[in-house]
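The same subunit A turns up in both complexes below, where it pairs with subunit B and then with subunit C.
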Partner chain A sequence: MSAQELLALADDELVLGWRNSEWTGIAPFLEEDVAFSSIAQTEIGHARAWYELAARLIEREGVDADTLAFDREPGEYRCAPFVEMRLVPDWAATIARHWLYETADRIRIETLKGSEERAVAALAEKIDREEAYHRMHAQMWAERLGEEPRFVAAVEELWPYAAALLPPEQRSTLATTMSREIPGNGPLLGKERGQHSDDFAPLWEEMTMVRRSVPGAAW
Partner chain B sequence: MVTAAAVWDALAEIPDPEIPTVSLVDLGVIREVEVGDGRVRVSFTPTFLGCPAVEVMRSLMAERIRELGAEPEIDVASEGWSSDWISEEGRRKLRESGFAPPAHAGPATLVQIQTGQHPCPYCGSDDTRLENLFGPTPCRSIRYCDACRQPFEQFKTL
Partner chain C sequence: MIFEVFRQEREGQPFQHGGSLEAPDLRFAEAYAREFYSRRDESFALWIVPRDAVEEVREPYVADVFDRDYRRVDGYSIKVKLKEARERAGASGAS
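Then we have the complex of A and B:
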């Protein structure tokens, strides 16, 4: 895999982890406060592992997981618009994204588990076992919200974003799993990886603020 | 000249930073120890990738190896940790300090919600239920015992 492909995976997990952590302290009840905080922590752990693989490929002096996570310019991030959207305090939309993301991510991880690169396959295998807990949580909430109109509307709205998370060749598997049609070019406009949503710039500002305030500081 | 056995003994004295009743060796996070030329190479794997204790574990191991007079080299193993690697001794220590040990690994989805897999570490009853898949650290879930009404933490099966 190229460093850019690894960065796409890492950036998705970092940014989604960041978004999930926005529920810390303000979730509708304590159990979900704990759940979203813990999910955020594991997603960011996965991001770190992918960044470490990317750093080995980049082989430039001083490049490590932290510099890749926090020292790049906004235009260099490879995350999909789907993970960038700020959805707090909308619980229905948050669960819709959580469920769609975990479903799509599973398809991506399955492919990576079959990679010929041993380090990639081993990491995907490890991540898959951890993600099983995220999937159980997402599935439980999707069933609980079921036909709730706000949840149904959020899934509808986020569906093209979720499809755009995956490379085109994996989208039909996702569509089959979700019993939906692959979105056409119109609905996908502005949602593909390589573009950023309006929510990304403020997220980047906030996420990198401490690093930028004292460059090179040790913790 | 330090021996591999001496290194294992030293590492077995390092408590897990978050559950100090079990050691790093009990947890099964240390996979291999190789000794040679004044160097000690340890192959180590974090429980969960998001485990915040990884750096602390790493520096504790390095410190112990230096105390033995060797230069440490701590590598992360490519094979991911499984909760099946917690030793019998480790499982006993977990129970004694109020944690339910993980069930033996099967598909996580099934194990986690199966009844009878996680007896209460306080009263031994099988009448326990999952309260929250997630807990205070990535490796723990929260359960509740309907027999003695004690909430307790359970090590996730991974």
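Then we have the complex of A and C:
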């Protein structure tokens, strides 16, 4: 796997973890606050692990997980627009993204588990054990919200974004799993990896603020 | 709904009360209980029980009303007997 491909995985997990953590303290009820914050935290943990792999591949002096996570310019991030969207305070949309993301991520992780690169396959295997809880959590919420109009509308709106998270060859599996059609080029416009949504710049500002405040400091 | 959660730390050990949580149904309760009581591998198994299913008993109908301390171990004063036994043992050479 190339460093760019690893960075795409890591950036997705970091940015989604960041977005989900925006619910900490304001989730619908206490139990959910703890559970969703914990999920956000494990996504960031997964990001760290992918960044470490990427850093080993890049092999440049001083490059580690932190520099990759926080010291790049906004244009260098490889995350998909799907994970960048700020959805607080819309819980229905948040669950819609969580559910779509976990379903898509499972397809991606399954492929990575079969990777010929042992480090990649082993890490995917390890991450999958934690993702099992994320999927259980996402599934129970999706079924509970079920036909709730706000949830249905959010899934409808986010579906092309979710499809664009995966490389084209994995999208039909996702469409089958979700009983949906693969979005055409029109709906995918502006949602593909490689471009950023308007929500990304403010997120980057906030996320890298502390680290930029004292460049080179050891925290 | 309020659920009471009991934790078993290791296989075969008794379950002990871990705490309670609020969840809309058993499925949510399971997800939250996993998060709160087994995330750090601190439980081998959990019991998740709706609080309504727990019968709390307080009035001591079966407690002793009459003096029947012979039913209890502490109803027997063995202090003197123990002392004598120790002395006998000491006299026979054991310590």
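In the analysis below, the second predicted complex is superposed on the first by the 219 of 219 C-alpha atoms of A that agree within 3 Å, B and C clash if a C-alpha of one lies under 4 Å from a C-alpha of the other, contacts with A are read in each partner's own complex, and residues count from 1 in each chain.
By definition in this document, a contact is a pair of C-beta atoms (placed from the backbone, for glycine too) under 8 Å apart; a residue touches a chain by one contact, two chains touch by 3 or more.
Just so you know, these numbers come straight off a predicted model, no measurement behind them.
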{"item": "When subunit B and subunit C are modelled together on subunit A, clash or fit", "value": "clash"}
{"item": "Contacts of A:A35 with subunit B and subunit C, given as first, second, both or neither", "value": "both"}
{"item": "Subunit B versus subunit C as contact partner of A:R118, first or second or both or neither", "value": "first"}
{"item": "Comparing the two partners subunit B and subunit C, which touches a greater set of residues in subunit A", "value": "B"}
{"item": "Touched partner set for A:A80, first subunit B, second subunit C, both or neither", "value": "neither"}
{"item": "First, second, both or neither for A:K126, with subunit B first and subunit C second", "value": "first"}
{"item": "Subunit B versus subunit C as contact partner of A:R144, first or second or both or neither", "value": "second"}
{"item": "Touching partner for A:I44 - first (subunit B), second (subunit C), both, neither", "value": "first"}
{"item": "Shared subunit A contacts, counted only where both subunit B and subunit C touch the same residue", "value": "31, 34-35, 38, 133, 136-137"}
{"item": "Of all residues in subunit A, those that touch subunit B in their complex", "value": "31, 34-35, 37-39, 41-46, 48-49, 118-119, 122-123, 125-127, 129-130, 132-133, 135-137"}
{"item": "Subunit A partner contacts - residues on subunit B that touch it in the complex", "value": "48-52, 78-82, 107-109, 112, 131-138, 142, 156, 158"}
{"item": "Footprint of subunit C on subunit A - complex, ascending", "value": "29-32, 34-35, 38, 133, 136-137, 140, 144"}
{"item": "Residue numbers on subunit C that touch subunit A, as the complex places them", "value": "21-24, 27-28, 31-32, 34-36, 39"}
